[in-house]
Amino acid sequence: MSILEVNNVNKNFGGLKALNNVNLQVEAGTVHAIIGPNGAGKSTLLNCFVGRLEPDTGSVTFDGESLLGIKPFQINQLGVSRVFQTPEIFGALTLIENVMIPAFAKRDGAFHMEPWRSVGSEAGLHEQAMEMLSDVGLDAKADELAGQLSRGDKRRLELAMCLVQDPKLLLLDEPTAGMSRGDTNNTIDLMKRIAQRGVTMVVIEHDMHVVFSLAEKISVLAQGTVIVEDVPEKIKGDPRVQDAYLGGAHL
Amino acid sequence: MLGLNRKDSGLFLLVICLTALAPFLLNPFPEGSELAQFNAGYPDLMQRFMIFGIFAIGFNILFGLTGYLSFGHAAFLGVGSYAGVWMMKLLTVNVVPAIIMSVIVAGLFSLVVGFISLRRSGIYFSILTLAFAQMSFALAYSVLTPITNGETGLQLSLNDPRILGISQTVDGSIPAANFFGIEMRDSLELAMGGWLFTFNAGYYLAAIVMLISFYIAIRIFRSPFGMMLRAVKSNQQRMSYTGLNTRPYALTAFVISGMYAGLAGGLMVAMDPLAGAERMYWTASGEVVLMTILGGAGTLLGPIIGASAIKYFENIFSKINDTVLHGWFSFMPDGLQDFVVAIIHPFIGKGWHLTLGLMFMLVVIFLPGGLMEGINRLRIWFGKRINGRQQAPDHAPATSS
Amino acid sequence: MSKFHISRRGLLKGSAVAGIGLAAPTIFTSKAWASFTNEPKGDSVTLGFNVPQSGVYADEGADQLRALRLAVEHLNGEGDSGMMSTFSSKALKGNGILGKKVEFVTGDTQTKTDAARASARSMIEKDGAVMITGGSSSGPAVAVQALCQEAGVIFMAGLTHANDTTGKDRRRNGFRHFFNSYMSGAALAPVLKNAYGADRNAYYLTADYNWGYTTEQAISEATEGVGWTTVNKVLTPLGAGDFSSYIAPVLQSGADVLVLVHYGGDMVNSLTNAVQFGLRDAQANGKNFEIVVPLYSRLMAKGAGANVKGIFGSTNWHWSLPDEGSKAFTRSFGTKYGVPPSQAAHTVYCQALLYADAVERSGSFNPCGVVEALEDFEFDGLGNGKTLYRAEDHQCFKDVLVVKGKENPDNEFDLLEIVENTPVDQVTYPHDHPQFAGGALGACNAGS
Amino acid sequence: MDAIILQILNGLDKGSAYALIALGLTLIFGTLGVVNFAHGALFMIGAFCAVTLNRLLSLSHEVVDETRTDFLGNPLRVDVPYVYEWFGPDVGATIIDWSVPLAILFAIPIMVLIGLAMERGLIKHFYKRPHADQILVTFGLAIVLQEIIKAFYGANPIPTPAPEAFVGSFDFGALIGFDPQTIMYPYWRLVYFSFAILIIGAVFAFLRYTTFGMVVRAGMADRETVGLLGINIDRRFTIMFAIAACVAGLAGVMYTPILSPNYNMGMNFLVLSFVVVVVGGMGSLPGAVAAGFLLGILESFASRAEVIDIIPGINQVIIYLVAIIVLLTRPRGLLGRKGVMEE
């Protein structure tokens, strides 16, 4: 059963066709990678899932509900979390606060106001957030300001922020970009653990090592169209994929 | 205490003590001495410390937490004042209904202004709030004169149709604003040696309201809701992708701070039943911004300190004239005395604006976190000196208190 | 040794007093320490000079302070005694007031009601002032007057011209020496009729606030009384800066007189604009187009430069008046400061003297006694001829000067020439005249 | 019809002042990313340059004139300006008469110096600080500048007339076929409008056709990239600040005959200029100019008696009302770019 269904999605920017009749099915509980050369429309596609962009035509449904025409926070409340290419975190807040905020959002909904309750009295959520931080190896820095973290740490923090919400679908936009080999491997391990919990993941990634260690299915996007969709073993040898990447290299 | 953690309880207790003892603390110099000029322990100014403290605390909930810089908050204070005076004209000179009405009316007005202005962010938001406030001022000053009494300001008169109360007292005066019989202008005076301390009923009412406001502000700061407001300031994008609707958070903060402004306006007319249009002018909105930043935006205590500092300057420095100056330096030979007075004169008395401007610049340049940063630095510095060799200096960042 | 006493500013009543009393039963005595607010106990008395020191009227405020300082000198018997020597009442002896040396505190009204009240309150509460005077506009004057009424001190209004100060906002503890909008209209109308004829069409540009409204009403009613027609009345925002968009349509309106109901910087700008747009050289309805400025001030006239030449207006007082009082005051002020006094300075000087005199005559600083002494007090020798402080509304009735901008000034202060000294009878009105209706003095308040 | 032309004409000179101040504001904002609350004060200082030059030229020594008396009855001491003695009374009088136009030359070096000093001494340290801090520190500076001027020149407006040659107005209506005396327009306002157009044109030409200007424009679009190219963009931005200060100052110099300057005039223009900049779109130069004229003209129309009769008070709030409507319908102002000042 597919949890995310994308049907005939088109998106134009001025004269440029960014997405051209994209179709995509993501099976529940799988890791689905989207790869493709630069400018193929990967991020545009992801933006159409989270309400940042509205496709010109086509449909995007998640768990039977359309994701079009609703706001990003509503999409998240349906169970879709996203990790950005450049980490989006609350730089002026501490790490533990960064993780507690999504936990609150999950528990209390999009808007909730009980100013008489204190953060200090939320032991349960605090514990949950600390666990999540130790999962990503940041528990030692829980009281530091997030803005002072290294880029790699920020990315792991963002991942923790998404995971604490226990999402049904996790969208990752190049989760290992700019990481060292060691960090990348740690992240792969982490994502494998997440996958084992049954979280569905859509990953955009350039690093083929990451893609082939994780993905159960791969869609190749080129010039706004899905040219191939298959299991990793088949993708590796597909001439169309190599074509697209070589063509892409010239761009 | 009261659901606060130890540090916040300590802070709250400190503020309670300071406000309770203010009549002593603010009058350190004996009456009649040269330095008595610097005493601030008289009812009007002490009330102002409290009232503008409330205004700045509320503004800080919006600006300090969410980062939305409103340039129109004086409008809510003004609207609250008008509502308060009308209550006193029409209903009763008991200040409680007037204050409640001020908060309600200011809250409703801020809901409307906030709903529209929060459609934009950054300086566009600031300009929208500025535009609303300036329109309120211009209309209150002119076209709305039947409601606001324009330039003169709305005040009580001898023939107000007061429903629960009397239009005038038996001896033909306007009844005084009171809190269930305690008149706001009543004071007890205590003379000790050369010192004179004034305990004013209005001040203590304002102080209690300020303490309640301060307590609520602490609770908001420490609540998940307060955390969300700081998240609004830090990264709205992340917030919405985290499943949080930023607009109602910002709007709630806006309305809360608008209600604080209304409360301040209501207290102002409770202490002194007159509402003038100038208190809605953009410089008045600018003043609360200055208070908050001067004290330290985003800190709990900062706004109160900033408000008190500015009001102290406005009321004490502006009253030092050159006769007073000559008095101070009368021990000097004539020529030197004139010279020293000539040097100092531009900065005090009618030049107090100049000192104020210089002070803003110095604080912003050297203490970006406002006066609170200065206080924290001093604390750390003293801490080091005291702890000295016994233990390693505490390098924990000076968290805002 | 400590001394404790109950507030001289009012007793806490009821339970509050009981509570505090129980806590410290011995430290309060029930002796009525003072019978009225800020009763002077030592050998000096403090007056509060509340003038604009910042904002657009700061120069007028500065001039008022000069005059008040001079008044204090004269009251204390220093200097040349100024108008004290010409004042018809001889109660003042030059030894302070009731033998107490006069001291003063100053404050900044900022020409804002709020700031003016805050400043006045601090003078009363902190410095123990028994009388507040000064100010250069009506809003703050009305506000401070109400405050003084509540606090139980005397308010001697400074420059305030709106009818409301002694009209609907009059107070028992407040007094106005300055003239008002109605008097301007009553004095100007006949002069304007003589100069420009009875068949005139007037266009009003009016500052959009209380003073503007009352003055516009006063002038239009008075000129309509001599046969003029009012073509249009347009409200202009305070501090508009450039009035060109208001002035440009005037010539097309069929009007042949423009009345600029502006004061201060607005008057300077609107008059300058009007002259720039050629209104003074224009012809309308076959007549020369004329401009009128109801309330003149020499300090303002200076700002407008040559544009004031030949333009009619009214003023409370001018230093070139030939009577002995005016001459004495101008000499005294001019010798000390090197410039002649403005009308703003003159009115507060008179007010200070009148207050001191009333205290002497009543024998006490008690405001209720002062009120009694001032009500229906007739005096002379303060520059405006025979003057009456009317009991019903606490307004001074005296001659009103109609002036016009001088064509060939002798010196930089010689900007206005006196056209007519309108006798007091012509500007007197019943205290319940419609322009002043709706107010009541109430009872005098002595505080505690 | 003649009424409409009249109100448009009347809107032009105020619009010119708005446009000139807003141009400088948006230039500073676009190049330096600084919100300069002291810009109104620069306009005011420009105006006082004219006052100062007038005073300097009129510097006099006293000659006792026994035939006349002063207000105390003493012999009158007449001030005779030195220029009268150096150039003769006629030429001397003409020089003083022309002090406002001459003040342009006088003001340029002063404004440039003030601009440089401000940028190097103060603004430079605030590039990376939050906008709120920039606003506060420049607001503080504005108060200080204002108070200094007040200490020297007092609070009352100081008349600074235009040269005799420009006094009076010309009959614009007769020129374009209306009845005489229907559309009168003072000469000096025509001068002011032309002057504003000239300055605006010069600034645009400078930015468009010089390499300096191109670098600055590129820097406005993307400061970091230009910095990476090895161009010392900071130096150029400093100069841009001086130019912006100069534009504001000259706007002030030429405005003095229209509005007798007082120390507070800058604050009055500042708020409106900010509204103008925002309505035009933060960082957009053409936007600032267009919005300046647009709001000037709208304000002029709103002050027609007929309009006020229909909507009382509209003349007081028109600018703010337009600002609200524009901002709600066009989020970034008329010609603003995305992402500027929205954080």
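Labels for the chains are A, B, C and D, by order of writing; each one numbers its residues from 1.
We adopt the following convention: a residue touches a chain if its C-beta (ideal position, glycine included) is under 8 Å from a C-beta of that chain, and two chains touch if they have at least 3 such contacts.
For clarity, every value in this text was computed on a predicted model and none was experimentally measured.
Undergrad: Taking each chain's centre as the mean of its CA atoms, which one is farthest from the centre of chain D?
TA: The chain lying farthest from chain D is A.
Undergrad: Would you say A-B or B-C is joined by more C-beta pairs in contact?
TA: Most contacts of the two pairs: B-C.
Undergrad: Rounded to the nearest whole Å, what is the centre-to-centre distance of chain B and chain C, using the mean of the C-alpha atoms as each centre?
TA: Roughly 32 Å, centre to centre.
Undergrad: So, what's the distance in Å between the C-alpha centres of chain B and chain A?
TA: So the centre of chain A lies 46 Å away from the centre of chain B.
Undergrad: With chain centres defined as C-alpha means, what is the inter-centre distance between chain B and chain D in Å?
TA: So the centroids are 35 Å from each other.
Undergrad: Between chain A and chain C, what's the gap in Å when you average each chain's C-alpha atoms?
TA: 74
Undergrad: If a residue has to touch 2 or more other chains to count, which residues of chain B qualify?
TA: Residues 138, 141-143, 353 of chain B touch two or more partner chains.
Undergrad: Among the residues of chain D, pick out those that touch two or more other chains and give their numbers.
TA: In chain D, the residues touching two or more other chains are 312-313, 316.
Undergrad: By the touch rule stated above, which residues of chain A touch at least two different other chains?
TA: none
Undergrad: Okay, what are all the chain pairs that touch?
TA: A-B, B-C, B-D, C-D
Undergrad: Show which residues of chain B lie in contact with chain C when the two form their complex.
TA: Chain B reaches chain C through residues 39, 42-45, 48, 138, 141-143, 145, 149-153, 155-159, 168, 171-174, 176, 181-183, 185-193, 198, 201, 272, 274, 276, 278-279, 314-315, 318-319, 321, 323, 349-350, 352-353.
Undergrad: Under the definition above, what is the set of chain B residues touching chain D in their complex?
TA: 63, 69, 116, 119-124, 127-128, 130-132, 134-135, 138-139, 141-144, 282-283, 286, 289-290, 293-294, 297, 346, 351, 353-354, 356-361, 364-365, 368
Undergrad: Under the stated contact criterion, what part of chain C meets chain B in this complex?
TA: Within the complex, chain C touches chain B at residues 1-14, 16, 20, 27, 53-54, 58, 61-62, 65, 69, 104-108, 112-115, 117-119, 121-122, 125-126, 137-139, 142-143, 146-147, 149-151, 162, 164, 168-169, 172, 208-211, 213, 235, 237-238, 438-440, 442-443, 445.
Undergrad: Going by the contact rule set out above, which residues of chain A touch chain B in the complex?
TA: The touching residues are 50, 71-73, 76-77, 81-82, 84, 88-93, 97, 100-102, 104-106, 108-120, 122, 161, 165.
Undergrad: Along chain D, where are the residues that touch chain C in the complex?
TA: Touching chain C: residues 2-3, 6-7, 9-11, 13-14, 68-72, 76, 150, 154-159, 161, 167-169, 181-182, 184, 186, 188-189, 257-260, 262, 264-265, 268-269, 299-301, 303-305, 308, 312-313, 315-316 of chain D.
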